[in-house]
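What follows is a set of structures to go through.
You will see two complexes here that share chain A, one where it goes with chain B and one where it goes with chain C.
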Partner chain A sequence: MATVEFLHIHKSYPDGTRALNDLNLKVAEGEMMVLVGPSGCGKSTSLRLLAGLEPVSGGELLIDGECVNERPPQHRDIAMVFQNYALYPHMTVRRNLAFPLQMLKMTKAEIAKRVEETAQLLGLAELLERRPRQLSGGQRQRVAMGRAMVRQPQVFLMDEPLSNLDAKLRTQIRAEIADLQKRLRITTIYVTHDQVEAMTLGDRIAVLNAGRLQQVGPPQELYEQPANAFVAAFLGNPGMNIFAARLSRNSGMLQLESDGWRIPIEQLLASKPGLEEYLEHPILVGLRPEAFSPEVTPAYPAIVVSIESLGHERLLYFRPAATTPSTAQKTLVARLSCTQAEAVGQNIRLGFKPEQLYFFTGEGEVIA
Partner chain B sequence: MTMLTKSTPNQKRRGLTAVFMSAPALLGLLLFVAVPFLLAVALGFTNLRLGSPLPLEWLGFEQYRRIFADPSFSRALLNNLLFAFTVVPLQTVLALLLALLLNRSLGGIAFFRTLFFMPVVFPLSLVAVVWVLIFAPGPNGMMNSFLELVSFGAWTPRDFLHDPQLALPAIMLTSIWQGTGFQMVIILAGLQAIPAELYEAAAIDGARRWRQFWHVTLPQLRNTLIFVVLVTTILAFRLFDQVQIMTQGGPHDATTTVMFEAVQAAFARQQVARGAAMTVVLFLVVLLISWLQRRVARQEREVL
Partner chain C sequence: MSRSAGVPLFYLSLLLLGLLFISPIGFMLAGSLKPDARVLVEAGDWRVFWPAGLSLDNYLDVFARVDFVRYLLNSLFINGMIVGVGLLVNSLAGYAFARLQWRGRELLFGLVLAVMIIPLEAIAVPLFYMVSLAGWRDTYLVQILPFIANAFSIYLFYTYFIGMPRELEEAARIDGAGPLRTFFTIIVPNAKPVFASVAILTFLTQWGAFLWPLMVTSSEAVRPLPLAIATFHSLPPLQWGDIFAFGVMMVAPILVVFLLFQRWFVRGVVATGIKG
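Let's look at the complex of A and B:
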């Protein structure tokens, strides 16, 4: 077990692409840290840098307080689970599991004991003599986990380990990984593009975008207090609705003007005094899809664009009803229960509590 | 049922189209491979000799008894075996080393790849002529003066191609020089098909360069190597051009080969039947080797 630290890490490639820009991140001992972001955000790159598969362009990588920049992967005492597992196709499961131990020149008896233990732990005992291509996707995934665990490394790295599995298996193995990590308490860095995985697995989540760290924190904190519009829109399923608006005064009372909707928010000033500074400025406003409800007042007029029914709930895509409708108007989404049945094109009214509004500057930074 | 009756004429027409389309290729195969082969087998049992006034006789297996009783032919078979057992391993290992060297992304690597592949593009006859010049006798011969240089004068000039001990090794060297590039390109393709993650996984699992080669590269290259060895072995048994141009089988049959003997019999001595029988022997040897290698390969085929 060890701590991991990224100190001012930069990574750029010879063709000029900047994969990582001043990444600072500390992972505590035994912590499960999830790196999440859209593809190309630099999350896999950070993992490969830490593993030693690629050199850093600047900054320091610390494992347990020691700089490992110059150490080859063999000497970093880390294990990695690859997206496509990278099992050795010509070896049986047993030999795949034994391989890292053989490289450590352990005795045969010790290797056999460790392989047996790991196989038991992961339910691979019956599969030990099979070759990877004789296994199902879920079994391969488990072997890959086993190969990483068998050595009892200081740090676990997982690069989208579930993305090659079908949805049902993904949920199941996700729970297994969470359980294993809790039991073994090995410092783990887990990379995914799936915010559901991030929310369910991480002790903390680090959201990356375009090579920059956006925010780090426990899942609930990120969900409730996003630092910027990107994090707000990225987390949640679907993510937060973000739309342009402007603050103005109407007979002295603060109100929010967006396409068609005028939302009185005078009562929010007490908790968000910073809002006043942005009077008459274009700002961004966020609303979670689950904030909407047809029963809450005040309610605002909207036109249904499309409906997705998920059985226990519906996702209602709508546009705020405007006096001068334009195509530039953004489609918003509301998550509603299945009690009512609207039709596409219908005029409806949706309400929300003003306290559920999030405010961001025009550049996307949160307004406190 | 209606489906079946409906589709039958359709299928018939499709079958006809298939035959029509493949006819030119089939005709070619028949004319240039199947018929000559069957003719060779049949002729091998006779005493056919071009321009001979004697009537054609059926010899049967007597022909083969005579061939194997001929010391030149036995020597030829032995030479082929020696050649194969020396050239195939040496050439394969050399090609593997070259491929490993050239399988990296350096500036100008394409130039080196081209350079090492170039001998393959040269006609064998041209290569042989050039090597005859390299092996020229006397102290001024290129190989002789080179050996003298590297041995600090200890080397006494030899006439390689007329030396019973050195003639076959000289031909082997020429063949390795000419053939390595071909194997190298195939192995290079095999190397590039190995997923990079396997090396990354091995590195993280603690394997250094040499272990990675042993535990990832070699097993992943297995099928490529089997193919390369098979093809090179077959080519080794077909050895002819270099012998014809460089030594004419001499001195004293030191470099003769089955193919060379067959051509000599058929075209120098007009013993067409005898030549044909020799090629049948060659065919059986190659068939046996291919079968053996396939058997060895099959045990691990599931690896793929």
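Let's look at the complex of A and C:
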């Protein structure tokens, strides 16, 4: 077990692309840190830099307090699980697991013992004499995990290890990975673009966008207190509705205007005094899909755009019904129970509690 | 035309094409088995493919006129070395171009590609001077060394390696394998098709080499088969039966090599995206 630290890490490529911009992140001993973000955000790059597969352009990488910038991959005491598993096709499962140990020049007896132990732990004992092409996707994934674990490294790196599996298997293996990590307590950095994986697996989540770290913290904290509109919209399935609005006063009372909705929010001023500064300024407002309900008052007029039924609930896509319909209106989504049946094009009313509103500046930073 | 009528026609045309390609070999085989006097007489009609008066006299004649075994062993040794050492050198070069990062890589690879269009005939004379200065004439070395590094082989290896998943090598690096070990334990075992096709292509081109051995060798002790067949033309009497018998024995090793590796060869041609 070890700590991992990214200190002012920069990475740019010869063509000028900046993959990472001043990344600062500390991963505690035994922690499962999930790096999440859209494709091209720099999450896989961070992992490859830490693995030593690519050199950093600036900053320091620390493993257990020691700078490893100049160390080749094999001397960083890390193991990596690749997205496509990268199992050696010509070797049996047994030889795949033994390969990293052979490189460490372990004795044959030791290697055999470790391979057996790892195979037992991962339920691979029956598959040891098979080759990767004779295995199912889930089994291959497990062998890849095994090859990483067998060395008992200080740090585990996982680069989207579940993305090649079907949805059902993904859920199952996700649980297995979480369980293994809890048992072994090996410091793990897990990269994914899937925010559900991030929420369920991570002790903490680091959200990246365009090479910059947006926010880091426990999943629930990020979900409930996003630092900016990007994090708010990225986490959650579907993510938070973000729409433009304007703060104004009506007979002295603070209200929010957006697409014909006038939402009284005077009572929020006590908890969010910062709002006053943005009076008559364009701001961004966020609402989680689950915040909407037809039963809550005051309710606001809306027009149903489309409906997705998920069995136990529905995702209702709608537009706020303004007095003057404009094409620029943004489609919002509400997560509702299945008790009512709306039709596309129908006029409905949806309410939410003002406390469930999130406020961001025009640039997307949260307003306290 | 309906689809079902087209299929037999298609196969018929393939069959005819196949016969066309195999007919010279049939001509040679039949010619090698009949008395010399009949070879040219029957050359104009169907009997050309018919070994009337079946006998092995021509074969015995070949062994009586030249030291066939000596030439065969020379050819096998020279080609074996060119193919064997060539596979090692060219695959390593292809790997270095495909995967390793080093200064001047693009420039040098461009030069290698450029070399592909220069035929041996164009550089034969300066090359001859070079090997003469080095004192290598009339040796095995002079017939082997210039043909080991081969631009086309390097290019074939390059295209194959560049298509292999990079993660395999990265996994090996993290597991602790250096570049050479990665190459020999991870890359080579997963690149058998390209090794087979390069081996066969090299063998096929070098087996019939004539001009260069003729220029740089003079003694029977080191000369390959194609030079021996020439002696049948230069030494009277000109006996076509003997030449055919020699030809059959010279082609046989190629057929054996091809039949042995044909599965790999076809796969390699498909995998490297080239035509043989």
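The definition used in the following text is that the second predicted complex is superposed on the first by the 368 of 368 C-alpha atoms of A that agree within 3 Å, B and C clash if a C-alpha of one lies under 4 Å from a C-alpha of the other, contacts with A are read in each partner's own complex, and residues count from 1 in each chain.
Everything that follows uses one rule, which is that a contact is a pair of C-beta atoms (placed from the backbone, for glycine too) under 8 Å apart; a residue touches a chain by one contact, two chains touch by 3 or more.
All values reported here derive from a predicted model rather than from experimental measurement.
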Message: Using the superposition on chain A, tell me whether chain B and chain C clash or fit.
response: clash
Message: In the overlaid three-chain picture, which partner chain does A:His10 touch, first (chain B) or second (chain C), both, or neither?
response: neither
Task: Figure out whether A:Lys272 sits in contact with chain B (first) or chain C (second), or with both, or with neither.
output: neither
- prompt: Looking at the overlay, what does A:Tyr88 touch: chain B (first), chain C (second), both, or neither?
  reply: both
Task: Based on the superposed arrangement, let me know which partner A:Ala51 touches: chain B (first), chain C (second), both, or neither?
output: both
- prompt: What is the contact status of A:Arg131 with respect to chain B (first) and chain C (second): first, second, both, or neither?
  reply: first
- prompt: Looking at chain A, which of its residues have contacts with both chain B and chain C?
  reply: 51-53, 72-74, 78-80, 82, 84, 86, 88-90, 99-100, 103-104, 147, 151
Task: Mind listing the chain C positions that touch chain A in their complex?
output: 165, 167-168, 170-177, 186, 189-190
Message: Looking at the complex, which residues from chain A come into contact with chain B?
response: 51-53, 72-74, 78-80, 82, 84, 86-91, 99-100, 103-104, 131, 147, 151
Message: Considering only the defined contacts, which chain A positions touch chain C in the complex?
response: 51-53, 72-74, 78-80, 82-84, 86, 88-90, 99-100, 103-104, 147, 151
Task: Sort out for me which residues of chain B touch chain A in the complex.
output: 195, 197-198, 200-208, 211, 215-216, 219-220, 222, 302-304
